[in-house]
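Right, I'll just put the structure down here and ask away after.
When the chains are written out, they are named A, B, C and D in that same order, and each has its own residue count from 1.
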Amino acid sequence: MRSKPRIAFFDFACCEGCQLVVLRLGEELFELLEHVEVVSWREVMTTASDEYDIAFCEGSIRWQKDIERIKKIRETAGTLVSLGTCASIGCHNAIRNDWPLDTLRQTVYGDPEFPQGIITARPITAVVEVDYQTFGCPVSAPEFVKVFKAILTEQEYSPPNRPVCVECKLNDYPCVYEKNQVCLGPVTRCGCNAACTGYGDGCRSCRGLMDGANLEGAVRALMANDIKRHPIMERVVSTHGLSEADILQMFGAYNTWPKVERKDYQYED
Amino acid sequence: MKIEINPMTRVEGHAKLDASGDKVRFAVTEAPRFFEALVRDRSYRDVSHIASRVCGICAISHACAALKATEDAFGITTGPRIRLLRRLACYGEVLSSHALHLYFLAGPDFFKASSAFELAASDPEILRRGNRLKELGYVLCDTVAGRHTHPVAMRLNGFTFVPAEEDLTALLHRLENGLLDLQKTVSLFKGRIPEMERETEYVSLRHPLHYAFYEGDLHSSEGKTVPVAEYSRQIREEVISYSTAKYARWHRDSYMVGALARFNNNSDQLSPAAGEAAAELGLEAPCYNPFANTTAQIVEMVHCVEDSMNLIEQIVSTDHPAETDEPVIPVAGCGVGAVEAPRGTLFHEYHYDGSGKCTFANMVIPTAQNLANLEADLNALLPTLAGRDKESTALRLEMLARAYDPCISCSSH
Amino acid sequence: MQSSIRTFAAADLPTLLHDWVCSQPVMGPKERRDQPGFYYFDWIESRDAELKRLARLLADGYGATTIPPKTAFFPTREPLFRFATDGHVVPEKKEQEKDFLLVGVHPCDLAALSLLDRAYGYPPADGRWRQRRRLATIVGIDCLPDDYCFCTSMGTSASRDGCDLFLTPIDGGFLAEVHSSKGQELLQGTHTEEAREKDLLAGEDFLGKKIAATGPRLQTGLEEFAEILEKTDLSDVWERTAQRCYSCGSCNTTCPTCFCFDMEDSLESNLTSGVRYRSWGSCQLLDFALIAGGTNTRDIRCQRVAHRWHRKFLYLQRQFDRPYCTGCGRCSRACTADINIVDVCNELIKLAKEKK
Amino acid sequence: MTVSGQTMVIDYIPVPVSVLQVIDEAPGVKTFSLSAPQDEMAFEAGQFVQISVFGYGEAPFTICSSPAQRHHFEICVSAVGRVSNALHRLAAGDRVGMRGPFGNPFPLERARGKDLFFVAGGTGMACLRSVISHCREHRSDYGRLIIASGVKSPEQRLFVPDLRLWHQDDQTELHETVDKADETWQGRVGVVADIINEIDFNPRNIIAFVVGPPIVFRFAAQNFLEKGVAEENIYFSLERRFQCGVGKCGHCQINDLYVCQDGPVFSYSQLKARSEAVEATLPDS
């Protein structure tokens, strides 16, 4: 048996909700931690170490200096995990790229120049290669646990390429469309065990679009127009009266980062 | 002596503390995420969900403040059952957040441990208890709002899901056990809080009928009470060159929000067991010891647990609907919403156009409001530490900063 | 066992249910309290209120459950066995090693269970399915269609496949067809009477009403439909359908006749023991036909859509002589992309006619 | 647990078997010798077993040892994913789970008295070794035994001792090729399907067994067909990913055929009209 792998948690710009989800695992976390040695975790530990084998990184890249920091972490860690949507696909942080930085600074600080050193917001996956990706805002606890175990047992983990609908059905949850709510579940990567739809709220795609998601189909299904619909969908579409822009904005809430490739983006780095 | 603590550990978010000569500075280095800008142009449907992402620890408070502000803007008055359920969720959040602070963040200092894990190595039961209390708070939130971070079931004018009566009453038993855990918590922390005294202005919400968390008017210990909608005319926010969080002041150069401020302003409304806990801990209003913010948190935890039982009974006996399929009709308008987040008064303000798009947003975060006061306290504390070595001075300064339970990613949002 | 037809009064139903619940575990339909109109199968507790609710659903009729009753025999996710990573395996104790009763199964779902009997019974038979099927006593109940039902086209409107007792609501009570000795026993504790001519007519009347009220219809016979699928290039319809389809799999995960599944090992926190689970699969999901090396034999949505129809109405039709669709309409109800199975079938038929 | 067909009921519970020996075959490829459950393993060449590494999952592997060998059996595994990588970390003494054997074997009855032509691309040899061993053990039942084996590079050759044997004695005609030679390789360079064109054989008396990646299937089929070999005499053994091995889970379907039950050995004539048999799509169609 080799000695216990050393693990570290790091955070970049985010709400630190993912770390809370991890901490909330309680007994299960303590059991999992038996297999490792936690050497750095700023939110709960004072001591820190620059040597670790497995790094969990939460949050998005925001400062210029974050780039160096994440590269350093990548160099040190044998295994790097992006924790949650901020780290994997940018989350709400990336929405800010829709705006010029001066406008943002003016809006929030009343000074177009302050603070300095801010760059285009991006997930850590856009800067370094990660070995495991986890999604969710906050990270889906079952997925974190799965990945943690996969790492310790040297398994691959491919994020599920199936939509949330599958988990709704396997849990026998009513579809929220029947509650006259808009849901992005049919195009969103599952793995959250239908956390939102189980409580009657539509999925907001916090785990990001799954591969091969039929976005055009979704726009068509949700947009107010005169295609023939079955009664449930008819009610949803007529009450919410969504335009294409509304629908795309909904998808964009967590999925804005890939759009950074757009020509009209202002890069600030 | 030059002290630099960077980054501050066992706090939420990135900050650094440095002391050189007789001056201490507490700088927020967390990257701003520009939430006030990024909700602009977005639909009212998304606002509370985006807002809750400001902070993982006080997600419910942000969601509530955003929902209240939006409801205010749209002229919606929520029914009594909705308000009761939201209050319950707020209690859950206060309980979990305080438990996190007490047992995982600040706690280890009182036992000379560097982390909760180290603490657990010597006494696993302490960590287990902390975990149970934290979990109890989360379970309250889960039951009402689907989950704590980030709440799913809270929506404008109601909930997308309402817990069944059985689910609510099932909590009662856990809450009773929670009170037992809290008794042990009181004895554990009693007498361990460092002494210090610096009088300041204490600001919180105040409600005529109950110890305010979810609703109330804005109240200052200077003797002034105003409706929350007035907040921006009363409180001035100011950008500081070395910090991405803004500082705030009202009547004086700085003021304090959070558990101690609430205790000082509203202790007359505490539940009976909370009052007893305060007495046992030797906490009496007004208390001018900022370290006692931690003590006040224990008292508030007792209050939250005890009053939750009360709330559950009220919720079960009110059959006003809280769940609704009816869509909200947006109207052009401005609204302000304030709640007592675990760390103090939180304000959200939004303006909407007629189609329900957000045109302006402002969020005033408790930790930001506390920063000026924290610095003043640190500067008052430093001279009293003369004669100590660097390490113990640093630790004491750090403990004071932690006593404020700063929530830094929130403060720079 | 000779089949006989009896009647009993509606007022006796709650006591009857009470007897059943006291003698064995009972699974039956329930309505979600926070969402009226949403039905699901679940274990029935012996509380009065719960029995009253069940009696009401049976007497007044209830709409199709989203998850079909096959879940009683093949749960959405079930442990297959526990293992230790050192190679030790322990069969998972089956939850329901006892006999149990499944009540309130609609005719189309009875037909679906018998289709799965064929598929899972095809050698080598699925032991779990077979075991649970043997333990179950089934009480069917007749129903009236909603906008999505098309059982008449699938020949399942009057199915009694595999049921022990079948109830038809008639004025003031139920017609109870006894189909097995187990079914007979179920009636033992209640006062029943031999069905009279008038009762039998009322039963027929119910079926007649049901058939008349069933709107959507397949525009051709089933064997002809299989032939169309086999022989015609239908890509126009597949493509049109695929433009809308999300590949979300809800059509499969709600279908009473779908039987594909996935298996997954789940390790416990000690990393030395765990459980292998099996859960419902769906051929509409992107990864379903992924093979080693990264090739996916159905990576284009259109291929997956076509596969669904081919499998249901052609391949399985040829293998088992029955289409793997009962006309329950669940897939159309569940589809958030508004893909209606009957509409698509009829589009296919229309295209085939045009091509001729 | 017996040969499939006799196993009438299945509960998906594997039986534990021990790893007896692990042989490094080539980079990324290992052969595992496994103990037979109850010391007796009855199977026919071409059948596969479902191997579980507990905590990782289950995957199908063809038995690559001779059916005559009954106390233990071998599988040859290339590390591509979850189960196969986990297998590669095992050592003698470890235990894995086994279900099966399953699937249809190579049609050796039909092949009696015929010349047999084996084409193996890459790890395809893993699948053919068992049938080749069987034919050598029953040498008099068959005519010529022609083997064409192609790998990417010399180090990728599998079962080198067997190859040496097949080369040396006169029971088999072995033709080896590599895509890319190195200093150790003096033999043929080029694609394996071309060997079909270079050898004289009587197309009317040939039964061909082809196993390899899709490209090998396609070109081998084309070349055999051009030589005049009948469609029903060209056999493929196909791979899919699946869960059950017994025609229930649905993952392995090639149109209406189940690889696990109707296959994995199929004749070209069975596959050619089936759109999902990507291996049988001829290069020019």
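Heads up, the rule we're going with is that a contact is a pair of C-beta atoms (placed from the backbone, for glycine too) under 8 Å apart; a residue touches a chain by one contact, two chains touch by 3 or more.
As the structure is a computational prediction, the values presented were derived from the model and not from experiment.
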Longest centre-to-centre distance from chain A, chain (CA-based): D
Pair with more cross-chain C-beta pairs in contact, given A-B and B-C: A-B
Identifier of the chain whose CA centre is least distant from the whole-structure CA centre: A
Gap in Å, rounded to a whole number, between the CA centres of chain B and chain A: 25
For chain B paired with chain C, centre-to-centre distance based on mean C-alpha positions, whole Å: 50
Approximate Å spacing (C-alpha centroids) for the pair chain A, chain D: 43
Chain B and chain D: spacing of chain centres that average the CA atoms, whole Å: 65
Chain D, residues touching no fewer than two other chains: 55-56, 81
Residue numbers of chain A (touch at least two other chains): 153, 179, 200
For chain B, residues that touch 2 or more chains besides their own: 161, 323
Chain pairs in mutual contact under the definition given at the outset: A-B, A-C, A-D, B-C, C-D
Residues of chain B touching chain C in the complex: 161-162, 164, 323
Contacting residues of chain C [partner chain A, same complex]: 32, 34-35, 37-38, 40, 66-67, 71, 76-77, 147-148, 243-250, 253-254, 267, 269-271, 279-280, 282, 285-287, 301, 332-338, 340
Chain D residues within the chain A interface of the complex: 55-56, 81-82, 85-86, 89
Residues of chain A defined as touching chain D within the complex: 153-156
Of all residues in chain C, those that touch chain B in their complex: 33-34
